[in-house]
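To keep things simple, chains are lettered A, B, C and D as they appear, and every chain counts its residues starting from 1.
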């Protein structure tokens, strides 16, 4: 399951869907709006996506993860728009009969999402300035999955 | 935070505690009662602990994880008594400014818990039999942490 | 041919528009599009040189030829998650 | 000295008791305790040989001497999680 949403992410629903009798292990990853980056203070983040392509890339990620690991559940939800401090911008759930697959899939999914999915965040700093984040030296998106 | 409980684990409360402005990444692991082990069908699990020692070992695990990784949050909760299918027997939460530490800490905690903490499960199989699980060839508990 | 390019994030802010049109000769590649886009919208340069194009929601390389009917977007380095 | 040993899981079921008392000479080690425990409670043998002792809620090796005042437990291979 993949989803882009402008609302707070419903983590309970994601976990409830993952807690199935065939899953022995569920790993949830939440990316949270962090207040400090070094000594710079963030007030909130604002996320934008090329939505049609982001959905397509997220679906490819889910598919690739299901091919690589025996997943009972695989969900990727990204929030768009304003995400206040301490709230989740992204949630990933991987459920598998055994825990090593659930951990590996969840970590691979967030690592790859951050490289490949056309979503951008804008920092709103405490000094009132804003800045789109476009990491320098980022790898070219892997098109192999 | 560590806890042994005879009630269902309150995952929402654990996640709420972890979603702090200093955490950029939260990883939750849930160990779930799985229905099938090969072709043997489980009806429920029953967990027993040497409670005083289990609490002491869990505290040492939390302490060791906090020394190894920069954790904003570290929680380990193990349920005791009967745990029906698809419910969580164990929940681990690791929150950190960066995701690699949160993943590494959560996986290390569950791996080490399974080797070191005096808790035992009894399988109740669909054929009516029960069996304590005492893994053969298990490593001697690591006393180094 | 006229190519419409969707812009996002800092690229959109730098160009002051969500979409820009670029005139190219038929059979042009995405590399040609990048060169022309930056020459006609010089403000885009700092992000444009570090971006990748997408056609119909798939990443493409600068060597590929542009299909006139594709939906084309400039994808700056991503920062979701 | 008399040592009380707490039992858990299959060890408790095999012995039919949560606690068993074992008579040992003063200065005995946990290895001596294991030998005596299994000889006096032979049903415990299959789990007892694969268990570790704990004294005051800490794992101990068979070489260590037993403190008469410690709380001693036989810890079969664990299976929490």
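A few remarks follow.
As a working rule, a contact is a pair of C-beta atoms (placed from the backbone, for glycine too) under 8 Å apart; a residue touches a chain by one contact, two chains touch by 3 or more.
Source: prediction; values computed, not measured.
Considering the contact criterion stated above, no chain is in touch with subunit B and with subunit D alike.
Seen from the Cα centre of subunit A, the chain whose own Cα centre is farthest off is D.
Averaged C-alpha coordinates put the centre of subunit B at 49 Å from the centre of subunit C.
Distance between subunit A and subunit B, defined via averaged C-alpha coordinates, is recorded as 24 Å. Multi-chain contact residues of subunit A (touching two or more other chains) are listed as 31, 110.
Annotation for subunit C: no residues touch 2 or more other chains.
Arrangement of the chains shown, judged by which pairs touch: a linear chain-to-chain path with two open ends. Checking each pair of chains for touch leaves A-B, A-C, B-D. Listed in rising order, the residues of subunit D touching subunit B in the complex are 6, 8-10, 13, 47, 50, 52, 54, 57-59, 73, 75-81. Taken in their complex, subunit A has these residues touching subunit B: 11-12, 15, 18-36, 85-88, 95, 97, 99, 102-103, 106-107, 110. Within the complex, the subunit A residues that touch subunit C are 31, 47-50, 52-54, 56-57, 78, 89-90, 110, 113-122, 132-136, 138, 140-141, 143.
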